[in-house]
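Shared between the two complexes below is chain A, which has chain B as its partner in the first and chain C in the second.
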Partner chain A sequence: MIEVEGLVFRYPNGFEALRGVDLRIGDGEFVAIMGENGAGKTTLVKHFNGLLKPTLGRVLIDGVDTRDASVAELARSVGLVFQNPDRQLFSETVREEVAFALRNFGFSEEIVSKRVERILGMLDLSEYADTSPFLLSGGERKRVALASVLVWDPKHVILDEPTIGQDHLQKERLRDFIMQINDQGKTVVIVTHDVEFVAEAKPRVVLMSKGEIVGDGRAEEVLSDRDLVDRASLIRPQISELADSLSDKGLPRGLIDAYSARSAILRLLRERHVPELP
Partner chain B sequence: MPQIKAEGFSFTYSGSKSPSVRDLDLAIERGEFVLLTGPSGCGKTTFCRCLNGLIPNFYPGHLEGRFEVCGMDIARAKTYELAKLVGHVFQNPENQLFSLSVEREVAFGPENLGLPREEIRERVEWAMELVGISDLRDRAPYELSGGQQQKVAIASVLAMRPEVLVLDEPTSFLDPKSAKSILETIAKLNEELGMTVILVEHRLDLASRLADRVLIMNEGRLVLDGEPRRIFGKAAHLLGVGLPKVTLLFQMLREDGLDVGIPITVEEASAILRGLLD
Partner chain C sequence: MSLSFLEGLRFARVDSPLHRADPRAKFAMALSFFASSLIFTNALALLALFALQIPIALMGRIARRWARSLRGGAFLAILIFLMNFLTGQGASFSIAMSLRFFCLLSSFSIFFLTTSPDDLGLALEQCKIPYAISFTFTTAVRLVPTMAMDAQEIIDAQRSRGLELERGKLLRRVRNYIPILVPLIVCAIRRSLEMAEALESRAFGASERRTSLIALRMGAGDFAIVALSIALLASSIYISRSFQMPSLEALDSLLSFKWGFAQPAALGRIPKA
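The block that comes next holds the complex of A and B.
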């Protein structure tokens, strides 16, 4: 369980990045934190593994106040994958990179190698095991960073902008992967701008703007709320805009992805015996 | 005469077994707005590196055929000559920013061109104004959010007044509203200044309505080339291209037997459906 109570965070230069955040994320939840550039999303999740400590208020991870634990201790249960993979990659090969944390945690070489090969396979990285991470594309480096955290099997996984630099197919795989680890009981928190990705994955959406939480609810509710979405500098999913423009024709509001829209449209057309439909 | 011209062009990076771009035949005229997309590893970035001479000057390898930019053969042109003509904005702005203030950053390019002081001042103001960062002039780029940093990177390239603007996934770090405003800025540069734009994007929902022409690459080859509407009516989704969601929706409806055209914007999609439901 991740509990955030009255969290205020001020950077040394005086900028108040978080201005009183209350948030509770239960074990096994799948949550997307969304909002404009500079809304405080990354600052918030850096509190989850103790990289930042509250100026005011507190953050509890499974009941432990992050001020009473080291980052190393918190990291065992909270895995944070940074937005920019180059901030966390440093090894000579992908395999070494992914094995690093496990070795640090003192696992035997046998377990290290087994786990590393498994996670590389899951993230479609096996062919690059002996390659330097710096020779890979941005999207691939991003997956290496993800692998190097997931490999130690943290209970809560935090992904900062996981879809950046990923093409359409990789995003689909990433979504399946996130769903899979979430089904296995892991808490997954993603920080993202990617409205269409969220519209298809449909997590709980926490919307932030200017250091505060301004919306919290099901993706279908939050992402189809024009005013809320606008306030957080997002743009509604295309399908939501489409559904809105045709609500007078009976298309339900709250549609946010193409697959549900397809069924809703076919149903409407059949009801009206539209001749174009065979 | 085309501004960018490739004839039977292939490029193989040193140490790589197969070409990253192969058998490329292509002509781009001055003032075109070209959207380049395709799955990761399809050769998009390699193509962009040819445009400013990073290939073969910085990335050595084996070249076949011809590749000309503004009448210069990239096999012989110097990077600094091409740098004046071709501005390059990278995916991750952190990789190209280094100054201690935004203003200094934007001034760096024109200073290096040896321009008179007044002209530098004028260009810096113009570029900052265009992308909307004049109020950030005294801030350090490293303090800014990802989206703001990308705007600085774009301004610093614009200040060089290039003839060709190459942007390699420039919006991936931006929230949707900033992304939209950046893309509209790019469209404006294209329209008003006649600047040729080569935009690499995975997210096509915002970009496809702005471009005159879409190029889709796959496994190093140019596989589709044409007007966006025509290209997206084809099987572009099979190539792992992230189609606009309304386009995807109508492709799915077509599979259901409803063949009513393939829209690329919400407005078009809405009008088609309204016509059927009225």
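The block that comes next holds the complex of A and C.
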């Protein structure tokens, strides 16, 4: 459980990046934190493993106040994957890179190699195990960064902008992967601008703007709310625009992805006794 | 771990007499403070030198950032003190060395906080330094904050992966920095390659002789700054050679516990240099 209570955070230069955030994320939840550039999303998630400590208020991870634990201790249960893999890759091989955290946490070499092989397999990286991470493509480097965190099996996984720089196919795979680890019981929090990605994965959406939470609810509710989405400088999913423009024809609002839009349209057609298209 | 003290070396875009002064004059002033603080080994003299810079920082309206850079340097200053003191240099000397560090840091801080990278480049160019060199220099200065941000991000990422910088014996601690330094260098190289491409595609170096829209000209105020700087340096040299300065040697005796508190006269005593 991640609990944020009255969190205010001021950077050393005096800028108040979080202005009173209350948020509770239960175990096994799947949450997307969205909002404009500079809304404070990264600042917020950096509190989850204690990299930043609250100026006011508090953050509890499974009941432990982040002020009372070191980053290394908190990281055992909160895996934070950063946006830019180039700001963390340093090893000679992908295998070493992925093993880094396990060694920091003091796992035995036997467990290290077992876990590394398994996570490399899960993320389609096995063939690159002995390659230098610097020689990989952007999308692959991003997966290495992901593997280097998931490898220690943290209970809560936080991904900062995981879809940036990924092509469509990679995004789809990433979505499947995220939903898979979520099904296995992990809390997954993604920070993203990618409205279409969220529309298809349908997590709980927490919308931030200017250091505050302005919306919180199911993806269907939040993303189809024009005012809210405007406030956070996002653009609604295209399907949502479509559903709105056809609402006078009886299409329900709150549709955000092609799949549910398709079934809604089909249902509408059937109700009107229009012969179904082949 | 925070790198916020680098903020204290980054140009602050405010309007003040010092910001408007000629960069060459300000450089002379920084140099004069720099040299003067190297001349003295006396804590009181260094303290005076430091105090002299306070009104300057106030005049430049950068006092807060200046103070922040000093606070950032406090850790190093303590280290300098301890290294001197523990190797048997005596408290007054060790304090003097820490003060000297603050004086040096302060003179640089004031210079960089009040001189924009553009002014700096202009000054170098008008000193007939080839553009390629002056450009390199100003770019380096400009990149410091970017690299500091990179470094902070890298430190955050590695700490999130369980790296504890302050753990282990000395050798281990040095090795702890590898996961920080490698990505930092890789990022810097990558950025410089990108920048080189961007520069070449915009015809960098196409003309041998560049002319500049803004010509620097030293005004009366600038000459005054230079004159004062020279005066400061000259008097520092004169004072350090001709006077024995009262020192804080009382502290030495206090802290070495040889004489305890029984030597109040030590304060007024004129010590050997």
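Please note the rule applied: the second predicted complex is superposed on the first by the 273 of 278 C-alpha atoms of A that agree within 3 Å, B and C clash if a C-alpha of one lies under 4 Å from a C-alpha of the other, contacts with A are read in each partner's own complex, and residues count from 1 in each chain.
We adopt the following convention: contacts are C-beta pairs under 8 Å (C-beta built on N, C-alpha and C of every residue); 3 or more make two chains touch, one makes a residue touch a chain.
Predicted, not measured: the structure shown is a model, and the values here were computed from it.
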Which superposed partner A:257 touches (first chain B, second chain C, both, neither): first
Which of chain B and chain C A:101 touches, first, second, both or neither: second
Which of chain B and chain C A:165 touches, first, second, both or neither: first
Chain B versus chain C as contact partner of A:180, first or second or both or neither: neither
Which superposed partner A:242 touches (first chain B, second chain C, both, neither): first
First (chain B), second (chain C), both or neither touched by A:75: second
Touched partner set for A:272, first chain B, second chain C, both or neither: first
More chain A residues in contact - chain B or chain C: B
Chain B versus chain C as contact partner of A:51, first or second or both or neither: second
Intersection of chain A interface sets (partners chain B, chain C): 13, 84, 86
Residue numbers on chain B that touch chain A, as the complex places them: 38-41, 45, 91-92, 94, 143, 145-148, 169, 172-180, 202-203, 205, 237, 240-246, 248-249, 252-253, 256-260, 266, 269-270, 273-274, 276-278
Complex interface listing, chain C residues touching chain A: 2, 4, 7, 68, 150, 153-154, 156-164, 178-179, 182-183, 186-187, 190
Contact footprint of chain C on chain A as seen in their complex: 12-13, 46, 49, 51, 70-72, 75-76, 79-80, 82, 84, 86-90, 100-101, 104-105, 134, 148-149, 152
List of chain A residues in touch with chain B within their complex: 13, 35-38, 83-84, 86, 137-140, 161, 164-171, 193, 195-196, 199, 232-235, 237-239, 241-242, 245-246, 249-251, 257-259, 261-262, 265-266, 268-269, 272, 274, 276-278
